[in-house]
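Chain naming follows the written order as A, B, C and D, and within any one chain the residues start at number 1.
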């Protein structure tokens, strides 16, 4: 038999001024199952809470209804109150008679009647409430960071500094990412290598950080607190533990015609290589697509010159399985392919380059040793045209991206400024649609490019670039002057839009993390939870969540680390008990629920059931992992046999509320 | 529902916990009025709304039922409101088929910041249901 | 807003089936236009004038007749506004209006020579008169 | 292989060379081109205005005729191809055009874009194949540095024409390679020649052609080839710095059907 207590709060005059609280208490006191109904000026006050606690004990209440402010305000408070009195905290319902009654209605009679109905609905629901116990699941105190660019490195360092173990999985042979390829960084013009490489070394030397380079995530199982991740360690054909990084092999290898990926193919290197001088780990690897030994079995020069015997042509990929409490996606970005932008002659003339290629052409460790020479004839370009928004803000042209890539305005200002500073005899033109410089010291930086360095900014776009007689004839528009300038340039630099690294899509599937239409990871809340994925235990760092510059990436990396540390510092995770629960007797294993679950919380198990004819049969039935389920209820409606229900918001409970309101 | 001898529409509003319920709270915080006919039921997400709940409400004498959820793309659970939208579209066709005015049900996206919109929507919906009059068609007389 | 102009705008939008509001005035159409130097107003301006209902200006724009319908502007438009369609639609609108025709058959002989392909004459008729 | 063949008005008069060489080459390559008895001028420019139905009707007739014969429709003149291909897409995808055109024409069977429209170049590439052509070449154009001039109408709008990359096309270059010539790529090959504006403003057309020819010469073209009679006219009459021929003339030379000049 139910013994329900109803407590009507006055909230000073907030409720009592419009709602006749005494009448509400009196009327609700007559509802079946209600043994106590009373009103009090402030239920949330210490004495109000004491009153509820005492009533639960004295009246041996089985359920509590509080008619007060919104549950979003004090549900947590009253749950604790109820629990202190020894009653399950989920045997409490709140009727929202302030925000949704006394504050929005003026007529006292109407408001009182509505408060009574809301109270009845809460009583009807609480009658059907079941005690719920929030489950706990253990937390593995190790984090996985996927991607070893500046985002991944920063996240790993911050987590490791808090005392937790971190693995960085990086698909390339070295960590460092795109930032390692940059020359200078805006708006302060520090050299990228000077600020990045010490961090790479810190990561390598940190006792809590384990770098798995040249590796990829292959499978992810488990859930928040205990993910099981399979990692493929790709064969380097070099024993990582033996190689000292002396580099002798990379000088002696006879295969010299390998396009150098670190320099974006602007020069060549050998088939065995260390990606760049400050690579971490500084270990050579063999590119099997070019190595003569691996392709034909004849050569072996590197093996002969290696003094420590690190070369191993027989090395195979290996799989490792590890457990993690939290996973951080830091897969970064890349510039889009400009193959389809034929009007800019990219790919038709070597002197049309992307901005990232220009970084290499200006970098002291790049193919030209830091002297700006154009690729075709290695001469100094005297006239340089920059084109902004190549592939950015392209709504439906089938070639570009609809979003602003965010970083191009600033790096183009940087490039223009650096070129004008180093080579004052060079004329620099920038075609732009808008100059977007919201950031600390950003607009000042851009204005310096214009005012101090004399960069010509032209409002308009470029329509066609025609390579002719060693020049690039750039035909653009100058919308402010109403002209169609034609500039004979020596070098054209295209600010290519950036897109998420292509590995992100398959990773998102493995992580059951959601993505937007552009393949950027979706955050749990665009404003309030920007570094968490909607999937519990998966966090986002850097440009994989959206275009970002370095300061923003580092800030987000730190924020993601803080969230990971918060998770890993707990021994157990308390789960939301209002989760989906299948009635296995009714489930027919049709998989409808699994298909709508955004979290991958539903799996299937074959279970034995006793049939009416006393035989047993093996049936496939749904299983909900309560640690993963977030309680949205999508599956409950999708289930064709009505086997799936949601604890705390069950079909019966909601129907009872409906009935009470419509009565 | 009869109040002092005059008919007053009974309206059930299902509001998702994260956006619309919070939006309704904001309506109160801003003291924006809407008719007391509207009674809100809190659900975790608009996708928790089984269309049967709506039929149940009509069967029990509700004159209008409204579902409020997060704006498309803003769902706390990422995709819940898309499911809700599809299910409601199907329900609309079914109500058409049953001969229930489809104006008796409505889906609105109300964010946690849209207190004013919540009030405007409810005012409009109550006005609309008042014009439509009492819902007799689906009333389940066994429940009386 | 002038009601007649709103009607004109509706007619042009019906013909183009494109939304001029999507134009972000990047100027790539105008940068691509091979007839730039002959035109008084340029592709992005024509799109903008339709959007702003500036039919008093559109009534006198000469650039329409210099457009070569090469469709480079439409091809390169990053927002799929397709300025070539607006060019064509405004031209049609002008021709449909009383006295808007730009080419009279009597003028043709002086405009062609022995080798001029029929295609050019057919095209000019299509573009310049109803 | 039998195809419906739509020559268009210019090919019957000023561009007879294009028509005649195309037919002979097709026959030599085993493709039969059948010209319908009663085709009409396509109008030369596709009416971009959505509410213009009448100018599309002659194209619809030709398309419906090909459908009735169960054959693919081959075009040659770039302007005809542009009109027929785009009108065909309208008939398939645009309800208003389809309904209005069918109501007006009262065809025995309603037409809704069933015909495949092929340009002669597509016929060579997709139905015959470069390798088969290479095998039939008896007089390869070895050593001839030829620039392809695409113009506008073959390529744009790329989403409708679907022949090639509109900004960096290769189909004519591939063709030139197949007949043993040396294709020369130059950026202006898809920039407008001035088209019909030559009638109104010859100076403007001249300026366009000069820029094209200058770029072609600078890149090493010794002659140009094209698929469009109007392009050919403009390149010849408003320029003249380089020899210009129809691509089918080159094909005829390579197949030994016609002597090179």
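Here, a contact is a pair of C-beta atoms (placed from the backbone, for glycine too) under 8 Å apart; a residue touches a chain by one contact, two chains touch by 3 or more.
Just so you know, these numbers come straight off a predicted model, no measurement behind them.
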Required minimum of steps from chain B to chain D, each step between chains that touch: 2
Per-chain Cα centre nearest the global Cα centre, belonging to chain: A
Of A-B and A-D, pair with higher C-beta contact tally: A-B
For chain B paired with chain C, centre-to-centre distance based on mean C-alpha positions, whole Å: 50
Rounded Å distance between chain A and chain B, as computed from the means of their C-alpha atoms: 34
Mean-CA-position distance for chain C and chain A (Å): 47
Chain A residues counted as touching two or more neighbouring chains: 343, 464
Per-residue multi-chain contacts in chain D, two or more chains: 166-167, 191
Residues of chain C touching at least two other chains: 37, 72, 76
Full enumeration of touching chain pairs: A-B, A-C, A-D, C-D
In the complex with chain A, residue positions of chain C that touch it: 22, 24-33, 36-37, 42, 44, 72, 76-80
Footprint of chain A on chain D - complex, ascending: 159, 165-168, 185-188, 191, 214-215, 218-219
Of chain C, residues touching chain D in the complex: 14-17, 34-35, 37-38, 65-66, 68-72, 74-76, 82, 84-85, 88-89, 92, 108, 111-113, 115-124, 126-127
Contacting residues of chain A [partner chain D, same complex]: 340-343, 345, 347-348, 398, 464-469
Of all residues in chain D, those that touch chain C in their complex: 8-10, 13-15, 41, 43-45, 47-52, 55, 77, 79, 152, 155-158, 166-167, 191-192, 194-201, 204, 207-208, 228-230, 232-233, 236-237
